[in-house]
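The first chain written gets the first letter, and so on, giving A, B, C and D; residue counts start at 1 in each chain.
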Amino acid sequence: MATVEASVRPVVALREVEKAFGAVRALRGAGLELHAGEAHALVGENGAGKSTLIKILAGLYRPDAGLIEMDGEPIVLHDPAAAISAGIAVIYQEPALFGDLTVAENLYIGRQPRGRFGRIDRAAMDRRAAALFERLGVPLEPDRPAKGLSIADQQLVEIAKAISLDARVLVMDEPTAALTAREVARLFDVVNALRAKGTAILFISHRFDEVEALCQRVTVMRDGAHVSTDPVEDVTVDELIRRMVGRELDAMFPRTATEPGQVVLEVEGLSREGRCRDVSFTVRAGEIVALAGLVGAGRSEVVQAVFGIEARDAGRVRVLGRDLPSGNPRAAIRAGVALVPEDRRQQGLLLDLSVTRNATLARRNRLARFGFLTGGTERREAAAWTAKLRAKYGRLTDPVATLSGGNQQKVVLAKWLATGPKLLIVDEPTRGIDVATKVEVHRLLSGLAADGVAVLMVSSELLEVLGMADRVLVMREGRLAGELARADATEEAVMRLATGQAAEAAA
Amino acid sequence: MWNDAARRLLSWDAAVIAATVAFPLVAAQSVEHFGTARNAGHIIVDLAPVLLLALVMTLIVATGEIDLSVASTVGLTSAAMGVMWNGGVALETIMPLAVLLGALLGAVNGLFITGFGLPSLAVTIGTLALYRGLSYVLLGDTAVADWPRDFTGWTLGNIGGTEIPNLVIPMAALAIVVGLVLHATPVGRSIYAAGANDVAAAYAGIAVGRLKFWLYVASGAMAGLVGVFWTLRYSSARADNAYGLELTVVAVVLLGGVSIFGGKGNLPGVLAAVVLLTSLQNALRLAHVSTEALTVVTGALLIAAVLAPNLLAAAGDALRSRRRRTVAPS
Amino acid sequence: MSALAQTRNPTGSTLLDLVLRFRALGLLLALAVLVGATASVNARFLSGQSVRDLLFAAAVTVLLTCGMTIVVLTRGIDLSVGSTLGLAAYLTADAMSGGLPVPLAVLIGLLVGLGCGAVNGVVVHFGKVPPLVATLGTLYVFRGIVYFTAGGSRVNASDLPGGFLDFGNGTLLGVPYLFLIAVAVLAAVAVYLRDYRSGRDLYALGSNPEAARLAGIPAGKRLMGAYALCGLLAGLGGVLYAARFGTVDASAGYGMELDIVAAVVVGGVAIFGGSGTVLGAGLGALLLTVIDNALPVLSIPPFWQQAIVGALILAAVGLDRLVALRAALALRKKGSHVE
Amino acid sequence: GGTTRGEDDGDEPTGTGGSANPEAEYESGLSYAMLPKSVNNPYFEASSTGAEGVATALEGAYEYTGPSDASASSQVSYIDTLSQQATDVILLSANDPNALCSSLDQARAGGSVVVTFDSDVDPACRDLFVSQVNSDEVGLALLEMTAEQIDATGEIAILSATANATNQNAWIEVIEAELESNPSYADMELVEVVYGDDEDEKSFSETQGLLQAHPDLKAIVSPTTVGIAAAARYLSGSEYQGQVALTGLGTPNQMREFVKDGTVAEFALWDPTALGELAAYTGAAAASGIITGAEGEVFTAGDLGEYTVGAEGVVTLGPPTRFNADNIDDFDF
């Protein structure tokens, strides 16, 4: 194992860890060392075993074999409480908040500040939470219930929670997947401050720019095993990717320009109380249009209203010239619209049901013969589409909950691509997807556009937006702030519109 | 492969089905009078109401909801039948009207649950009281008993010359229809999807509210049908007919392996559970086991139904991980 | 009602606070209207005797509702409370009629309740059996045990010590001891659920069990505690039942579970856990008791009474939903970044 | 067209058929089963004691079995079981007059003798009915006791068992008819009938409700053992004690303290043990061919003496016993 400073004893080390779920061997001899005051990146393909490794560190899973050492001593983490008290704080890949409790209580559950007679001191708790949010630069009210927070806000609460623990080891499993550049920058400031105080950081991400910006060392995993550990400055991104996927990658954004065809989607004056106002735009066949903006700008809200998940208060939506009724996803699907939602666990998947059932759900009516579904057709369809997207799983009958995050995302994509849409709406399509698959998804989108599908893409990843879109619509505070053609769409231009600097300058 | 087979074997509904097959064989040997055709007939007639109600209840529980008002709906349709009969309406008209009334009562549940978004447990506790109360309003303390023999006799009669009860035919037909709908149609897929995650189901274009609404209508209609059957089988329309039956129906659905949280379970398991529970109670009665024991056995069986597979799974996990640890390379 | 003060800031959110206070207010309003209407038809409804009767009737219900609330908050349910109450009531009364000193017999009742609750807790938590299934099972099992022990016999008031019965029927300044006990328990549970870490853990468990696990909340301890407490309160309810009614047979508390669940639901506790207050549930119990008592006083024909109770439950649940929707709308406006 | 009410009224004759042989001996070795409305009810336990004594005396087998809830449909399952077991004599207290008929027919076709007691079914479905008393007699006795206690003036109310209880409703009918027609009761008014469902708690709160709803109530009549005990307990602890009269049907053991403390002046009941005894003898007599159930047949029921079968196969135990402070200590049941 390539240790850089072998002399320094790691705060935490995982050695030769094995973990299997039924027939799936998620970890085979994985290892990791975290040092005080150092940010350590963990990268690998979807399903490489990163989250599993973290869950072992968090006390959620017990390893089948192998050791966890803390300060050189072997320890056994029976449950999450044990890990927390050992000083390990974890931000999980999927936010898990208490919707009925307030944001502040979410942060301090089980360790609320106490006043007289051991009663909870709410005022003190809210104060502390507010201070923390201040530090993270997020405008969240401590006393609002967590229910109804957007995915990004939820992720921020999770981050605040982990940071508030003041742990010796901070583990972050793709904390930035739902965040835009601004929040990411604030987060990195805070993490760097923690690191300076001697906290050991473990950072998982599929975004290499972030790895480079934040981390000192990087470990690559493949198929549940440790591949390499190096100082970040010693390896190139291409080299990392090669180690992760075991081959060279094609171009990241394989966008081939196509001549736009007829107008597929027309949105006119779309409004929804408190979420978005007076949004109008069109998408043509063969075109990829991106909706960009800061977190909470209302992008998801717009596409959900287009698809009919949410009823709209005002405005018209036309697909291929025909009006879509408000609040009726069935009509939208019939008209040839598909929506890959942003929150795969809540909106995209039936976690307890099998891969097959999930992958064929949107096509249940079309796969039926004489009104009846036989298992065979569904199985064949599911196998074909998941293979096309290179999804990794044990069996088609496994519950999707057992798939890794990225592979879950692929199942959602498979479900919708299988419907053969005329208008494909994707909301954060590559959230949590590894680079290799990302290329795959990009190629797919590009290919679909080339075949005459109209694509509307919401993405918080600016590079993706710039790399893929023919046109970029920028949203700010529920309104369309502007439109940029591919040629004019630079990082700077988008951010200006998104943050409203352009508007201020004009005024 | 072996793993797959083992999992199927260990799966709960498979176990219930196996027990259902095995139990009567054992009981026929060890309990006097159990293994006669006549007794089998008794069992079938006995289980009919629970089985019929459990058919639709399975669908409802699979969507993650519940209907506690079924027994009260049976009571109310039965009471309404009595009123109509007293009013001189022809029985041939009364029967479809009773089913229609049931459907209407189900629609009221459905409206409250899907239209207003209220929790089904709360709503159907309310209509449990409401419908039972209304049946008392209709019939009060009287019973309507003078039902024509032609009809009451049919409910208990056998198919010409055999020992097979007439009831078997409609029950089997309904069970097959519901089974096919649940397991081999897009509607069935939608039901499981709605139970597993209603938000994701809505994103997949399933009109979850409408689906649930119609399931409640179906549940009500089925309860109306059971109301007709109950009235004729006991030749008595009374306000307290089928009192308390809802707990038995819920119990068999759960015993059959349907998850109370929705999204999981299948119909054969539930059918097996109905047969198992009824024949077990029948055998215990024939074996002179006391009523008290019968109550305890019912409850214990229900808990064991869910506990046993959990314990088996836990034991299996422990075994596997021990085996792995011993062969793991060090 | 001074206990109203307890709704102050139960979630720490001023907005939610308002809603909750409004919710409790709604229940109080409904209570006031009902009492007022009944009294205007029949003034005797407010006579000392009548109010006493009402409080007597409410005491046991409120007590069990407190226990049920705790369990429902954790996303559970306890359908076995009626059977537990029956078992505790019968064993307590039987022990007393057998000559055991009152404190010892009461202890037996409490322990029986605690034991039943612990059984539920074990089956739910360690057996991973869904609460509805587990407690539906123990509903049958516990009732079967009552049948076994009681058989066809019954303990009559004449077999019980006079002091015990006097306590059961006694009042302090016109308020029954039983009701005072219930209110004391309610207040204690309210403070516990609002102001103590372990109480908040129960909300967390009900709100998102998976997140609770990740946050290191000791689910086993809390769930066991919740079910044991619910059982204990049902046991206490059994003791009070015996003291109040004097006659106890195998059917004591039969079918009570649905009334208690109804009270909790009417009181605005979410049936899927995580939200609601014990005060609301207590008011729900009181409301249902008043309905039960008012209908005969209003000379509503007995055949109509059950139907009316059902309709009122629906109305209460519907109203609650309306309030919740308003709150959600308010939250949406407040949380929005759109001007 | 269609099938409407009243087209189908073929009643079959009562009785076991065949001819009676009054000289025959009681057969020994018969199997008896008593099926009460529900088990766990002290009243039926007492009847069971009586019946079991008879079965033992006649060297027969005896079983006491039944549902734990008082519903007709649960009783049907038990009747089916008994007929499957070819029980010779079934002693039944029915939860519904009609719902049990088809099962009873089957049992009788299989050779069982069906004797109902306490609560009857349609006469066509059973061989004999052992009535505790004649309905008229109970109704009249209840009214008479009430009138004596309130000087035959004022409002009275009835606290009954379940709304469907056959016997209760028969008595209530008699009371209502008598109040209408008998001039000596002209000043009494029946203001309400409420149902305690034979549940202690429910009966208790129904009593409360009655007293509040009718401030001028003078008396409560509760023709059910559960009801009268609950009502007495409520009255004895309330300000109404001694103001509102209470009478009805109750067991001496349950009512003793309330008679002593003045809450209740007088109530009535028959001896449930004797009722069980008579039912068992009646069943045995029918199974042994001593009687067939035809009117006028005579048989001897052990120590109880000689009984004659009345119209529709009814055998009546005798007038109810009235209990008051003077005699209550002579009874223990």
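In the analysis below, a residue touches a chain if its C-beta (ideal position, glycine included) is under 8 Å from a C-beta of that chain, and two chains touch if they have at least 3 such contacts.
If you want to know which protein each chain is, UniProt gives these names: A = Sugar ABC transporter ATP-binding protein; B = Autoinducer 2 import system permease protein LsrD; C = Autoinducer 2 import system permease protein LsrC.
Model, not experiment: these values are computed from the prediction.
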{"item": "Touching both subunit B and subunit C (chains)", "value": "A, D"}
{"item": "Farthest chain (mean CA position) relative to subunit C", "value": "A"}
{"item": "Between subunit C and subunit D, centroid-to-centroid distance (C-alpha), Å", "value": "37"}
{"item": "Distance from subunit D to subunit A - Cα centre to Cα centre, in angstrom", "value": "74"}
{"item": "Euclidean distance of C-alpha centroids - subunit A vs subunit C, Å", "value": "43"}
{"item": "Multi-partner residues of subunit D (each touching 2 or more other chains)", "value": "39, 68, 163, 195"}
{"item": "Residues of subunit B touching at least two other chains", "value": "136, 140, 239, 244, 291-292, 295"}
{"item": "Of all residues in subunit A, the ones touching two or more other chains", "value": "none"}
{"item": "Listing of all chain pairs that touch each other, if any do", "value": "A-B, A-C, B-C, B-D, C-D"}
{"item": "List of subunit D residues in touch with subunit C within their complex", "value": "39-42, 44-45, 68, 163, 192-195, 199-201, 204-206, 208-210, 212-213, 215, 229-230, 233, 237-240, 253-254, 256-257"}
{"item": "Subunit B to subunit C touching residues, read off their complex", "value": "68, 112, 116-119, 121-123, 125-134, 136-137, 140, 239, 244, 247, 250-251, 254, 259-261, 291-303, 305-307, 310-311"}
{"item": "Complex contact set, residues of subunit D against subunit B", "value": "1-10, 39, 63, 65-69, 71-73, 76-78, 80-81, 84-85, 96-102, 122, 162-164, 169, 195"}
{"item": "Subunit B contact footprint on subunit A (complex, rising order)", "value": "18, 20, 22-23, 64-65, 307, 309, 329-330, 332-333, 339, 341, 346-353, 357, 360-362, 364-365, 368, 371-374, 415"}
{"item": "Subunit A contact footprint on subunit B (complex, rising order)", "value": "3, 180, 184-186, 188-190, 192-193, 196-197, 199-207, 263-264, 321, 324-325, 328, 330"}
